[in-house]
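Pasting the structures in now, so scroll down.
What follows is a pair of complexes built around subunit A, which joins subunit B in one and subunit C in the other.
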Partner chain A sequence: MKPPPGVSDADFAAALQQFSGVVGSQWVFTSDEDVGTYKDAYSPLWGEPEEKVASAAVAPDSVEQIQRILGIANHFSIPLYTVSTGRNLAYGGAAPVYSGSVVLDLKRMNRILEVSEEFAYALVEPGVSYFDLYRHIREKGLKLWIDVPDPGWGSLIGNAIDHGAGRTPLPYRDHFDAHCGMEVVLANGRVVRTGMGAMPGSRLWQQTKYGPGPLVDGIFSQSNLGIVTKMGFWLMPEPEASLTGRVRVARHDDLIPFVRILSNLMYTNIVNCNFTIQSPVFLSPSTPEKEQLLGKSDGGTAQEWDRYAAAHGLDHFWETELRFFGPPKIMAAQWDYVKERFATINGARLEEGETTHFPLTDEQVSKLPDLTTFGIPSLSVFSGMAVGSLTGSDAGAPQTTGHLDASPIVPISGEALLKAQRVFDRVFQQAGLPRGLGFAFNYHWRTFIMFQGLQVTNNKEHNAKVRAAYEKCAQAAADNGWGLYRAHAAFHDKVMSLLSYNDHALMKLNETLKDALDPKGILSPGRYGIWPRHLRGSHS
Partner chain B sequence: MSKPRAVRVGGALIVAATLTALSSALADPASSPQTAWRRSTLKADASLSDPLVKRGKQVFDARCQICHGAYSKPQGVSVFTMPQMPGTYALELKYKGQKPALLEERTDLTPQAVAVFVRHGGGGFMPAFRPTEVSDEDLKALGAYLARKR
Partner chain C sequence: MSQSYGISRRHFVGTSVAALAFAAIRSTPAAQEPLTPYRAIYDERFEAGRRFAAEAANHGWVTRGIRGDVTQVWFHELDVRWKRGPAPIAGLTTPQSLFVLERLAWDVGMRVTVREVDATTGLVRWVIRLPKTGGIGP
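Presenting the complex of A and B:
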């Protein structure tokens, strides 16, 4: 058991003993095996000296215990790295950004404090997962939906403060945007409630984000300025039904009007679902001609691609599936209007899909092909990795041990989508990795996320390529005026360094806040590039 | 919002667990009803008369079933449509019928092997599980359940 950097063996031992006095010795973890469970299972630094590791972990089950732990950590200058359910796979898992930190594991704080059907919200602690809240609502028979990220075992609070999102309508699927009210423990142990929660006896804490004065919630997301111990979330009342419709356009350059119409429908709230734009042409199997086109300096002209699609029997270039939620007669009107708008694109094909009525029985749930669309938690997204991990190992190739996501965001326009595909594909090609033509996802309001999934393996040379590609991807996004909405913990410094306007003024503000709120720098040092004063420079 | 490189596979559907209550007798917070991921009905089985084994079944249902449960074969195709039980699906691909893909049908598991997988991960995409998720006591019970004699 190695103490955190700069902490003596004696001080570390004393701190751990005092932690045990607070939470009980069974909730302080120091053995190699237990501490090893806090490693990032999908680490791109797997097996490297730089791999992020904890020195120990402590698991409180109350705010009062957190306050006492903070007092001890401040006294002995122990860095703490806070996790909620500790998943966040592909973005760093439960491993600390600053190796040697003690993980403050909040999984035991797993109480669903309130669910209001009348006002459609929930108030939860950090250890509550999407599965937990879904089951609670289902068992109580409440007419409410939750919105879930692709893997449902994560924490509502953890996902929201890392700006995660799901697939039901806005504002619910943008998890930070859908929150209303926080409770935060500051580094000095003071408990703060945001918004109307600051008023004793407030009946509006989960009803309005606005109280008099500054809105401070944002400084506790993607940061290390406090420990979020409660958070309210607005929930969507269960809709009557859902209707799908598929839109296909024939030619390469149809993407421009296609996205323009789609974005206008989104801005006017006619389309309010998470949609994915994909190209059957770009996703089709590789051929020599395709590689030749992609290898051209312009990535192939529209005419060349249209000829390619025709020659390979691909009858449409772009497609998306839209989903509507609400009363059937209103959805029918929305779909009619959508058809009318897309009919202006020559050759556009619109196909109505199925209508699903709610509530669903368990039997119906068991037959759904895609649960997260309906706010039902699942782990199915990992099945994609199953193919890579096992076929790879069978072939004697490096075994997949995980993945990480470079998550660039681009404006919702056909031009930006086309350019982003070319830019990121080139990054991956140059890195010697599989192509990154991918998909454009609309998770957050008014942007596309161009997910670039990178396979992490047990091969260090491959992982070095992956890390280099991730950094180049982030740089390419910045060079084009785009960005990343979220970053893997191994790249927080790099990603934050790209926010360099006015001599990194934003980071300087973050550091000013850090120094004021956490002068000893005990809270999650280095998270999102925010280092305490005594570590600044050596890392950032 | 974690998303692996899109691997297009046939659609799939799941057999969702029946949402019935676990025994309220569980005292360990790591397997309390409130933190269970999903529940399923405890089916009658003579081997479950052993309290440790019975508890292990409850731990399996709460913690493992959502990934290692049974699922039905594909329907529909989209980027989001994948086999709903990735643990089972991965083992299907690995064993190709030579061993059961469902952990609950295996007869060659030992408590030691189960403990290694839970605390160190499955060697592929299955991560390790922390003691705050599956306590040492729960892990012992889980091992007893999956290695039980039938």
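Presenting the complex of A and C:
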């Protein structure tokens, strides 16, 4: 057991002993085996000296215990790395950004404090998983839905403060946007409630984000300025039904009007589902002609791609599936209007899909191909992606141990989507890595996310290529005026360095807040590039 | 994380792996005491998984078939049982399924105590239970 950097063996031993006095020795983890469970299973630094590792972990089960741990950590200058359930795979998992930190594991704080069917909200602690809340709602027979990410084993709070998203309509699928009210423990142990929670006896803490004065919730997301111990979430009342409709357009350049119509339907709230725009042409297996087109400086002209599609028997270039939720009459009207709008694109094909009525029985749920669409937690995403052969690799190539998602965001326009595809494809092509062509998601309001999956292995040479490609993706996104909405912990410094307007004024503000709120720098040093004063410069 | 990757699946080619796997789990030196798992989980897409299940059932174990995804057995059985405390499980599945179950089991202090990959099929035979020594883990 190695102490955190700059902490003596004696001080570390004393701190751990005092942690045990607070939480009980069974909730302080120091063995290699136990601490090893906090490693990032998908680490791109696997086996490298820079791999992020914890020195120990401590698991409190109350705010009062957290306050006492903070007192000890401040006294001995022990860096703590807070995780809710630590399942943020592809973005760093439970591994601390600053190696040697003690993981503050909030998994035991797993109480569902309140669920209101009347006002459609829940108030939960950090250790509550999507499965936990789903089970609670189902057992109580409440007519409420949750929104879940893929997969659903993580924490509502952890996912929301990392700006995660799911698959049901807005605003619910944007998890931070759908939160309402926080309780935060500051580094000095003071407990703060945001919004109307600041007013004793408030009946509106989970019903309005607005109280008098500044909204401060945002500074506790993707940051290290406090420990979120409670959070409210707006929940969607169970809809009567859901209807799907598929839209296909024939030609490469149809993407431009296709997205323009779609964005207008979104901004007018006629379409508010999560959808994926994908191209069966770009997603089709590689051929020499396809590689030749992709290798051209312009990535292939529209005419060349249309000829390619026709020659390969692909009868449409772009498609998406839209989903509506609500009373059947309303959904039918929405779908009719959508059909009318897309009919203006020559050759557009619109096909009505199935209608699903709610509630679903357990048996119906067990047969659904995609649970998360209906706010039902699932682990199925792991069935094909956690480990296995590298995509496109030869036999004997290193086995993938996981993946990263570089998560660039681009404007919702066909032009931007096409350009972004060319830009990111070039990065992957030059790196000699499998490419993620042909799709974009609308997780958040008014941006496309173009996930760029990067498979990691236990092979250092391969992982070095992956890290370089990730950084090039981030840089390319910045160079084009786009960005990343979220980043793996290994790249927080790089991604935050791209926010350089006015000599990095935003980071300087973050650092000013850090110095004021956490002067000893004990809370998650380095998270999203925010380093405490004594570590600044050596890491950032 | 919702895109799917084209990860190649291994297909079972042997026929005797399941019986060997079951015997090995029963008699593993790592086991502290004879194992009676709360559930024996097998991947029903593979012949080896089905044979493992048949043998396990012959010994009175309660078996559950999956097809890669552990969601249903986790939500309806394991999570419910483990909320009352650790209970061992064993199985013959893909590494992907074990990856998920192992991490869920960590929450109740259990560890993978047997993990053997069949070189031919890529399937894993495994046991998850409380470790011989050590406290409740994360």
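A few notes on this one:
We take it that the second predicted complex is superposed on the first by the 530 of 540 C-alpha atoms of A that agree within 3 Å, B and C clash if a C-alpha of one lies under 4 Å from a C-alpha of the other, contacts with A are read in each partner's own complex, and residues count from 1 in each chain.
Keep in mind that, in the parts below, a contact is a pair of C-beta atoms (placed from the backbone, for glycine too) under 8 Å apart; a residue touches a chain by one contact, two chains touch by 3 or more.
In this text, all values refer to a predicted model and were calculated from it rather than measured experimentally.
Clashing of subunit B with subunit C is the outcome of superposition onto subunit A. In the superposition on chain A, A:351 makes contact with neither subunit B nor subunit C.
Contacts of A:159 after superposition: subunit B is touched, whereas subunit C is not reached. Using the contact criterion defined above for the overlaid structures, shared-chain residue A:61 touches subunit B, although it does not reach subunit C. In the overlay built on the shared chain, the residue A:378 is in contact with subunit B and with subunit C. Judged by the touch definition given at the top, the superposed model places A:48 against neither subunit B nor subunit C. Put subunit B and subunit C next to each other and count what each touches on subunit A; the higher total goes to B. Using the contact criterion defined above for the overlaid structures, shared-chain residue A:403 touches subunit B and also reaches subunit C.
Shared-chain residue A:29: touches subunit B and subunit C both.
Overlaid on A, the two complexes show subunit B and subunit C touching the same residues of subunit A, namely 27, 29, 33-34, 37-38, 41, 57, 59, 86-87, 89-90, 105, 107, 131, 135, 149-151, 153, 167, 362, 366, 371-372, 377-389, 391, 400, 403, 405, 439, 451, 453, 455. Those residues of subunit A lying in contact with subunit C across their complex are 25-27, 29, 31, 33-34, 37-38, 41, 57, 59, 86-87, 89-90, 103, 105, 107, 131, 135, 149-151, 153, 167, 362, 366, 371-372, 377-389, 391-392, 400, 403, 405, 436, 439, 441, 451, 453, 455. Residues of subunit C that touch subunit A in their complex: 1-9, 67-72, 74-76, 79, 94-97, 99-100, 103-104, 106-107, 111, 131, 134-138.
Subunit B contributes residues 1-9, 11-16, 18-19, 21, 29-30, 32, 34-39, 66-67, 72, 74-76, 78-86, 89-90, 93-94, 119-121, 123-133 to its touches with subunit A in the complex.
Within the complex formed with subunit B, the residues of subunit A that make contact are 27, 29, 33-34, 36-39, 41-42, 57, 59, 61, 85-91, 93-94, 105, 107-108, 110-112, 127-129, 131-132, 135-136, 138-139, 149-153, 159, 164-167, 276, 278, 283, 321, 362, 365-373, 377-391, 393, 399-403, 405, 434, 438-439, 443, 451, 453-455.
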